[in-house]
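Shown below is the structure under consideration.
Note that the chains take the letters A, B, C and D in the order they are written out, and that residue 1 is the start of every chain.
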Amino acid sequence: MEKIKVGIVGATGYAGAELVRLLLTHPYAEITAVSSVTYEGKKLSEVYPNFKEIAEYTLENSDTVIKKCDVIFASLPHGLSEPLAEKCIEAGKLLIDLGADFRMYDEKAYSDWYKREYSHPNLHKYAVYALPELYREKIKTAKIIGNPGCYPTSVALAVFPLLKNRLAKTEGIIIDSKSGVTGSGRGLTQGTHYPDTNEAFSAYKAGEHRHTPEIEQTLSDIAGKPVTVTFVPHLLPVNRGIESTVYMTLNDGVTKEQVVEAFKTAYENEQFVRLETLGNYANIKNVRMSNYCDISLHFDMRNNHVIVSSVIDNMVKGAAGQAIQNMNIRFGLPEETGILMPPQQF
Amino acid sequence: MEKIKVGIVGATGYAGAELVRLLLTHPYAEITAVSSVTYEGKKLSEVYPNFKEIAEYTLENSDTVIKKCDVIFASLPHGLSEPLAEKCIEAGKLLIDLGADFRMYDEKAYSDWYKREYSHPNLHKYAVYALPELYREKIKTAKIIGNPGCYPTSVALAVFPLLKNRLAKTEGIIIDSKSGVTGSGRGLTQGTHYPDTNEAFSAYKAGEHRHTPEIEQTLSDIAGKPVTVTFVPHLLPVNRGIESTVYMTLNDGVTKEQVVEAFKTAYENEQFVRLETLGNYANIKNVRMSNYCDISLHFDMRNNHVIVSSVIDNMVKGAAGQAIQNMNIRFGLPEETGILMPPQQF
Amino acid sequence: MEKIKVGIVGATGYAGAELVRLLLTHPYAEITAVSSVTYEGKKLSEVYPNFKEIAEYTLENSDTVIKKCDVIFASLPHGLSEPLAEKCIEAGKLLIDLGADFRMYDEKAYSDWYKREYSHPNLHKYAVYALPELYREKIKTAKIIGNPGCYPTSVALAVFPLLKNRLAKTEGIIIDSKSGVTGSGRGLTQGTHYPDTNEAFSAYKAGEHRHTPEIEQTLSDIAGKPVTVTFVPHLLPVNRGIESTVYMTLNDGVTKEQVVEAFKTAYENEQFVRLETLGNYANIKNVRMSNYCDISLHFDMRNNHVIVSSVIDNMVKGAAGQAIQNMNIRFGLPEETGILMPPQQF
Amino acid sequence: MEKIKVGIVGATGYAGAELVRLLLTHPYAEITAVSSVTYEGKKLSEVYPNFKEIAEYTLENSDTVIKKCDVIFASLPHGLSEPLAEKCIEAGKLLIDLGADFRMYDEKAYSDWYKREYSHPNLHKYAVYALPELYREKIKTAKIIGNPGCYPTSVALAVFPLLKNRLAKTEGIIIDSKSGVTGSGRGLTQGTHYPDTNEAFSAYKAGEHRHTPEIEQTLSDIAGKPVTVTFVPHLLPVNRGIESTVYMTLNDGVTKEQVVEAFKTAYENEQFVRLETLGNYANIKNVRMSNYCDISLHFDMRNNHVIVSSVIDNMVKGAAGQAIQNMNIRFGLPEETGILMPPQQF
């Protein structure tokens, strides 16, 4: 098979650099062009010295990337992917967008949380919200792939079997998530300055994080009715990893066994979702550097609560790995192609 | 004033060592004897080299400590404080117990969770659950001071104004807590081996942690009726600090302003509880090495939830500092004596 | 005794904030004014929330600090302390400068490494290089106190007994130092962005660090002849602490015992310098948050090398703590006043 | 090509687990059996949950591994590889030993530092010290491959061009190394308990580390005459990575340019050794999770010193990755087969 010519727009951000790292060993993809507004003209390895002698690409601009490539991965601040998508559609190129612009089906939900209108409303009909485990079929023919956010990925996989099988109530869902610092990006902020972050921990954007409507869109779709959630993220002093602890109330009469069975059934054919043995706990270290989502189930039957702990590597299953998984689906490749590296145990 | 002769039983555990560190600079207390079963006969500074030339105590046994001292701080595995308490009561010495044996007023709640009966049931009438901000008066005359657990301290202070003022429902309380690794103690385990803990994160003992009945005892007392909670702790890769994110449902018609006002009123005279300005987040780094509890309030009014983030240093306000605060109260000293060090900012 | 009115110019940098933290509990000093160019008019607790309700100072400008205070601590980029010193001298106020401007006695050595001439050459006659353990007498009458750099403090104390007693050669001295990230300051850089610093380690400014001439000045003074050193600092992924491993060649016939004896003699009356028992290793954790310098001695007699490991808290003995130690000396107070807190063991 | 049947003796240690992780994606090797004394009969994924559903091997004993496999990787405490080697030689199987037993050509040097005699002296004639960049030819036909230690790998590559080209003196070589905590292994010790290791740093075994004779063996071989070194390792609070800063004195008249040229020439055809551009610094983060060794060159010409900073991932190039590199060489495979993953940038 001829290699897919892939390009990365925004290659010097963390998600972009992670795409480079993963695509370098993809057997059917070839990185053909990469771009960066800030570093145009420089070499990627000047920004990321780990790539020295391995990925000696010169950073170009996004137009060049679109021209040279079949698939364009974009990792841009919200608002910038819409004009890029227009060019891709015109050029007949596939866009896999890791940003937020093409995740919401409802413009109002988007504009309420992102505080801007769509600049290209007509493009959104081409876009698919691309969480493979839930929406694999739609992805196969999408022209624009809206790659899910990191938190929503961890949450949707944690909740899916419960809502799909009507085992838990759609009200009162509490999501307490913790993310490693790469989730905040490469840009400098006081809050991610080493001495301010190390040995520190706090919540942020409680009830206000922009991933909330994305989570609610998916949960509503699974439940078949509007679902709202209380979502509170926290900044975790590690480089990588998201853990989401989801609290839900079981429907009357639902047993532990039914819950466990529902998760087993839902994920028995999903190679990237692993269910922990009852009594064990999902831990971000067990999925580090991999595309796996580990899920553990816990119960507080005194209060009729099921507690789901879900972990992913925010840069892989939460961003670049899932984007490649989507590319594989779209191109009819085995879904795990190039992203089957085992997690790093320490 | 003559100095109080204080002794520490279990001085080589983390809480014991922290007591030593703090008591060394207490103006009205003098460390008179320290004990350790494991290291009896050795010098404390052999176990904790930071104490070299500063706290050159020889580790003795607990009987000697009781004999030499007026106040005995004990930090022991549960079950071991009851026989110690008997000796203290007999000798007319004050016991400040940092363990779990004297925290529960209801023996059944204790035995349900700790899987043992009281060995000295008659002693418990002398014991007071000693969270100063809630039970200051009782502490003044206690013969046995049951120093609260770390998680319960962070939670009780987070919830107190809400339940006391009947602003939030007593049902459906979710507590998602995260603790630094010192909370697991000095004993070696695979789960606290550096390469297994660093860059890792997971929940543990979800719905099963022994601090649950202690939390429920306090919340029930505040609410004036039985309260149960869903409590899930997590292990945080930092040395010190607990953050508890508490999710509660507001009673009908309760406003943000009422909630903020209730917290202001509750804590305006409490020097060790600080309320964050609305919009800021409590962070464990801001209370590190201090006896403060910082609290921030957040709201998800779409779901009628109040979210309280509460942080303490688990070794200070969550253990040794609060024990000294209790000693101060019991001896009529200004409550902040010896524990007013500012938090370490980085 | 009436309290000394102290002020801090540059109070929002890390060293400035540490001065505030330590001076808050100094029994004979009172923080009277603090300044910041960047945050003038704001409250210090807005920049450092750990100070909320504890140190609610409003940031003023440096002129106000000089006017209101008896002692001015300054922590400024090099070049800015000279004009400040002029104003202090004119106003008859003591300047304790934590910057680099008043550390060198030889202007040429300063200008060679700092690439600027003195703007106020006439002031330098008032300045004393204030490493208390070596230059205590001079400090007692200084008008300008040049507080030593962090690396030079750790190195000078490691080398002093060896050179003073002519036990080791003055040639071929190798200094391999490692510093926690607070040493780089509060300003944002890519190299101190959490995901770039965490799990990372490298040397920097090998053979080029500006602390080199300061180290050489002190070592030359001890040796009574010009000494040059090879000094390579490294960035250590911890918040606080410096470890310097110093490699020196023993003079012919010098024994281990002589070396140990020389260190014992040199520091037996120095309360802030602790010598490890032979076989133990100095560790930054044992001096954290304290003014101690711990030193351990090691030998490679196959190669006739003595290896000295010296550790300090870079923010305390390496900056703010030593500055207060110097103030105490200057004011005839017991040297340890306000800075005798035991190290934090974990 | 038929896959090589590989087995791992000591698969539950850190190096063993890393071998599993890397071999899982090796295109020409198949993990056929793994063993562990402690966990025999259990599944590897019970010890390392990251391997769940990926490497569901049952742990057997070493005899079974030898029987089933063509190549036996062993990662055992010293003294245990000799009897294993005897069985491998008898069975005609290749042993790649990651332990210390087959690294020294001189039994006396081994017994002086390891405090034991060889139990099977006759086997050592089959063994090759297998640092590929220096001894590639010998490895091609070895029956026992003595995989180098982690520190010696970082040091030998740092020193090789200097000694080979007679650019630096063989006397006075100082090696200051820092290793991540995985280097201490999976066994529990107080010194690697999280709260004791985190935010800590110290030297250990100064002048006494058992990697010293191994370093000296290689350097003597390069120089063609006996070389001794002063070697001081330090424990670095990160999971992975070794940085060695090597200080050497240039021979008279040697210029920077000559040094740089020598390194370029030595490594221009070595794909796993990367030379930093002058002015940049080797950083452990740039080689993390990869088989690369990055080297940067620095000069203190005032003291005629060249300073070489060399970094590797201690678990990959310092252990498992290099072992696979050696297997590839031995089997005539392209040397990079299965170990060409790019370093993880964050």
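We take it that a residue touches a chain if its C-beta (ideal position, glycine included) is under 8 Å from a C-beta of that chain, and two chains touch if they have at least 3 such contacts.
Not measured: the values here are computed from a predicted model.
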Shared interface partners, meaning chains that touch subunit A and subunit B: C, D
Rounded Å distance, subunit B centre to subunit D centre (Cα mean): 46
Chain centre separation (subunit A, subunit D; CA means) in Å: 36
Separation of mean Cα positions, subunit D and subunit C [Å, integer]: 39
Of all residues in subunit C, the ones touching two or more other chains: 14, 182, 195, 198-199, 237-240, 283, 285, 288, 346
Arrangement of touching chains [line / ring / star / complete / other]: complete
In the complex, subunit D residues that touch subunit A: 14, 17-18, 20-21, 24-25, 48-55, 182, 199, 239-240, 271, 274, 276, 280, 283, 285-290, 294, 315, 340-346
Subunit B contact footprint on subunit A (complex, rising order): 172, 174, 176, 178, 195-196, 198-204, 206-207, 228-230, 232, 234, 236-241, 243, 245, 247, 249, 281-285, 288, 296, 298-300, 302-303, 305, 307, 309, 311, 346
Residues of subunit A touching subunit C in the complex: 14, 180-182, 186, 188-190, 192-195, 197-199, 237-239
